[in-house]
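In order of appearance the chains are A, B, C and D, and numbering begins at 1 in each one.
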Amino acid sequence: MLHFESDYIQGAHPAILENLIKTNLIAQTGYGVDCFCEDARAKIRTACGDETADVYFLVGGTQANATVIDAMLKNYEGVVAAVTGHINGHEAGAVEADGHKVLPLPHHLGKVDANELADLLATFYADDNHDHMIFPGMVYVSHPTEYGTLYSKAELTAISDICRKYNIPLFLDGARLGYALTSNGTDLDLPTLAQLCDVFYIGGTKCGALCGEAVIFPRHGAPKQFFTTVKQHGALLAKGRVLGVQFATLFTDGLYMTICKNANVQAEKVRKDLKEKGYEIFIETVTNQIFIVLENTRLKELSEKVCFGFWEKKDDNHTVMRIATSWATTDEDVEGLLGLL
Amino acid sequence: MLHFESDYIQGAHPAILENLIKTNLIAQTGYGVDCFCEDARAKIRTACGDETADVYFLVGGTQANATVIDAMLKNYEGVVAAVTGHINGHEAGAVEADGHKVLPLPHHLGKVDANELADLLATFYADDNHDHMIFPGMVYVSHPTEYGTLYSKAELTAISDICRKYNIPLFLDGARLGYALTSNGTDLDLPTLAQLCDVFYIGGTKCGALCGEAVIFPRHGAPKQFFTTVKQHGALLAKGRVLGVQFATLFTDGLYMTICKNANVQAEKVRKDLKEKGYEIFIETVTNQIFIVLENTRLKELSEKVCFGFWEKKDDNHTVMRIATSWATTDEDVEGLLGLL
Amino acid sequence: MLHFESDYIQGAHPAILENLIKTNLIAQTGYGVDCFCEDARAKIRTACGDETADVYFLVGGTQANATVIDAMLKNYEGVVAAVTGHINGHEAGAVEADGHKVLPLPHHLGKVDANELADLLATFYADDNHDHMIFPGMVYVSHPTEYGTLYSKAELTAISDICRKYNIPLFLDGARLGYALTSNGTDLDLPTLAQLCDVFYIGGTKCGALCGEAVIFPRHGAPKQFFTTVKQHGALLAKGRVLGVQFATLFTDGLYMTICKNANVQAEKVRKDLKEKGYEIFIETVTNQIFIVLENTRLKELSEKVCFGFWEKKDDNHTVMRIATSWATTDEDVEGLLGLL
Amino acid sequence: MLHFESDYIQGAHPAILENLIKTNLIAQTGYGVDCFCEDARAKIRTACGDETADVYFLVGGTQANATVIDAMLKNYEGVVAAVTGHINGHEAGAVEADGHKVLPLPHHLGKVDANELADLLATFYADDNHDHMIFPGMVYVSHPTEYGTLYSKAELTAISDICRKYNIPLFLDGARLGYALTSNGTDLDLPTLAQLCDVFYIGGTKCGALCGEAVIFPRHGAPKQFFTTVKQHGALLAKGRVLGVQFATLFTDGLYMTICKNANVQAEKVRKDLKEKGYEIFIETVTNQIFIVLENTRLKELSEKVCFGFWEKKDDNHTVMRIATSWATTDEDVEGLLGLL
């Protein structure tokens, strides 16, 4: 059986496991103040080109989203996001459970459009009754988006400029950030993200770690007592070292980039081949996720030999499926897949 | 340096790490429906003597407490707990952040007294104005308690009987459960807990795992859509396998009991020696935590060679310190400690 | 100055004030268990043709919406509403502040379409990942809608049927219900609403009372301990009598219908005249609100003699204004208005 | 039947009803920006000796408490209150429903002791683990307390000083403030409260109004967008005029003080008589509430002719009952009562 259903179907990159074993018996304080977390923080600050960045390690993406948003919004504020944003549809209402509204914008292949954002903000403040409404208090973007697409530097800069004009923070969900940063032709890197965003996270779970997301507040920007908010959200790992060791490993010798790059290279091979063979691509992506349309009987046949991720029903006879590569995808896996398709 | 400051200062029992490596490349679906979680669930059900138990794996204790309580309480209900209960003081208000009040009872070395619980409930319903008050909707106990003490079977049965009389669930926080179950003279075991409680968890983080708590609802007792509530709380690990592998390991060949027993045996040696030497014991415990009173200059001296956990200031010249053993404590560690004390 | 800006610009119908004075010194218990509330409840039950209805009096609309929704939804559920629904945009995020998501449907002049509702529900349950999403747990409709439009009996029945098929409650926000029930040609009355809805309220604030909304749960349908939930929401008036006296007055000798009918009759006169004069009607309504498009210089001129409600900017030269009649609108008021227009 | 069960068993002072009638048809904008509210605000500012005070009108006490606390606390903060504080036991968990913990202090006849408050704060910040705990972010006192007792100026100043030292706001719940301000021998008045507190409210509901509490933030101290928070809490009355007219009436020619003084004078007569007759006074009070111990058969007898408020069971044969006077208590009422006792 070949596995392309998602990028979190296997454990962790072997270097991470090795380091977990190597450091296993070294006694360290809990809750993220251990030497491994400190090491990881230092490496991430350097990678981001911001020695003043506050860095926290949380366990997962939904948790990171909810905790950051809850910490940064006031009671009367909501978070603006594309209607397709992960927080809006696929996190079981975690943002609302903390008391905050998601204010949806239309999506463009998963992306927020800067002009539409500017309009939303201008319209809000122009409305005589806006004191009766939830204030737009933050902007959330995901990069790559839920559709595997990317913002360009110009696009993200335009969004960032609007946020700064209105003095509201820009939050970038980087659950799959490694696949964005190593995509062909992207002009966004970590230092640029640190300049444009007020908070973002570097995803570990979907990029080679067992679990973990590194939340970064550039320019000492963490909300007051963010540690306590993390604890309150059940997002503070007692053995914080587990996250520290993983991120220290990923940010040593560029491992994070190397393994994410592999996923993109493998995906590019698949994408090229599928196009040549005339498959219908549902959404044009440039990262490790490929969305193709399959005829249902063909899908059934393939499903005996390869696992895809279900995306959505297209019509009565066709289904959109997701092919995801990862740090663990080998040349043999891809050859196997292309041989079947 | 000797380390006795807590039971989560090291990584995981080596058998867990070995199994993480062994299973690392086996592709599995995310979110806890993988084969490792299934294996762990089956083993835990057997250990609990309840094949109908619902078992969920969450990452940490505060998270497990908040998620379970939020899932089981109605809006107008609160959770009764000893004033010293972990949820009442040391979880950054996680229960209240979800909208629920903690209704405190006095503690008796960390324990809830069944008669006082009965009184609280009787008094509540006798009050003409109780419709204006938060209803006691659940009882929370920790075992071992935050003071390292244990309930006897008779004590827990009395509490369980009251809960059933009032038709409110009994929730047992077992963050350190292994140290309770392997303590000398305890008459409580997993099958008995499964009978007396409506929900409880078997702590992994403080009992030899990297992270993880196994939440058990005996008798198919999980609240409707508990999975979704877990997701909403940011408590659903994408790579659920990480928890599955760990608990499957801990519940193979009695490893959980073996390694927790070690902590108790080592603690007993320390306890005996300290008593013989005339040290003042602050709280009489029977598990892996020992609370002793140290004169401050003596403490300062010792602190150069051994790490203790700070518990509380006793007076201007004395401090209460915690000595914690764990699965990783060796004979040499204890000999080293006793040589210093 | 003529006043048509809204239907809550004046105090209460004189009969209400008279009864407040008449009953002022009669001693009664607080919190809605007084004889006036009991009288009002009995009269409302009769008007609804449901002697088993549970009736509660709350102070205002946002409060009633938030309290009812919070009491009826489980943690993992959200409320489906038209994107224009009052709860979605104009209640400062009160529903989300209680932890619940509003799941928006497109609107059709403010109304939910039964087919689109059926689709949303079918699509939700067809999605393999729906356990990661907020469940649609309730349907909210407003009647009249925020656009002054009405559901027909057939339309509301279709929505009700879908709700029952999926076993989720139907909640009707009747902040302006009197204007719906007395509109020309409506085929919905209170007994029908009681049959089709699981909860609805009869608006007092915008229909002649100083304040107050009567929340009705047909067929003994109030959630357990709704009283306590009302208290928790700060929605329990200490002097509940103030609401009891008002609703008892409104439901004596059909006063509620009489005074709301007046608003509709006056609005109809305005509507007819405006159409004859060729004014552009922005939305076709059949209740006490009329939305017209005015050229800006004309609007400025008129604004010196009559108050309208601002609705929205249409283009650079035109504005949509709301004309609202009420129980207090007199023939003279309307003649004055029509003389100006 | 004589009525002494509470101070909210009758409607409003006649002058209020007269003014509601007098102003009934004057058209005014909703939501508290009407001329009556402005008039009331001006009069209250003058009474408080603070022309910079922000003044908001809310409908009831539980609502005012929850809204103010929610607006002023950060997520990681709780509110310190006497264990007997109304917010801690009798508001159905409204504060917790908004996500905030109540941090209880012992009570001294309902009062917070400044030294114990100082200790709580010092101990909190001395605790190494305080980042895992809810921060004390506000202090709540009620005046009169739930036991009818009063703070002296020295006592309240001591509390205020501690709050300022720790930079946390002091909130005074004045649901019955009129009875405090007109009590014999009190040295606290409105200007002093405005100096010592960061927010407090002047209760209307229990002091002669139909409903309403005037929330005052001295020195322009209202939290940003407090209006929106009020709306979100369902605490924004559409016909804000109803509250404006009432408070404007109460603060014209000292009516508020006059009618509350009456309650105190009547209570003093009762208190004196009961003491002379040797009745056991349960709590020594100086305001409009008197708590006496009655033998149960005597109570049953009396209950046929006079209504008391139930306070608590004292023992198997005795009950503590509350006698409350109000603006409406007449000399005849008191003579009647004393004739029976």
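As a working rule, a residue touches a chain if its C-beta (ideal position, glycine included) is under 8 Å from a C-beta of that chain, and two chains touch if they have at least 3 such contacts.
Quantities reported herein were computed from a predicted structural model and do not represent experimental measurements.
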item	value
Labels of chains that are neighbours to chain A and to chain B	C, D
Longest centre-to-centre distance from chain B, chain (CA-based)	C
Between chain D and chain B, distance of the C-alpha-averaged centres to the nearest whole Å	42
Between chain D and chain A, distance of the C-alpha-averaged centres to the nearest whole Å	50
Chain C-chain D separation of Cα centroids, rounded to whole Å	33
For chain B, residues that touch 2 or more chains besides their own	75-76, 91-93, 97-99, 132-134, 228-229, 231-232
Contacting residues of chain A [partner chain C, same complex]	75-76, 78, 89-93, 96-102, 104, 126, 128-129, 132-134, 310, 313
Chain A contact footprint on chain D (complex, rising order)	31, 70-71, 74-76, 98-99, 131-135, 224-225, 227-229, 231-232
Residue ranges of chain A touching chain B (in the complex, touch as defined)	1, 3, 5-6, 8-12, 14, 17, 20-21, 23-30, 59-67, 91-94, 97-98, 205-206, 210-211, 228-229, 231-239, 241-242, 307, 328
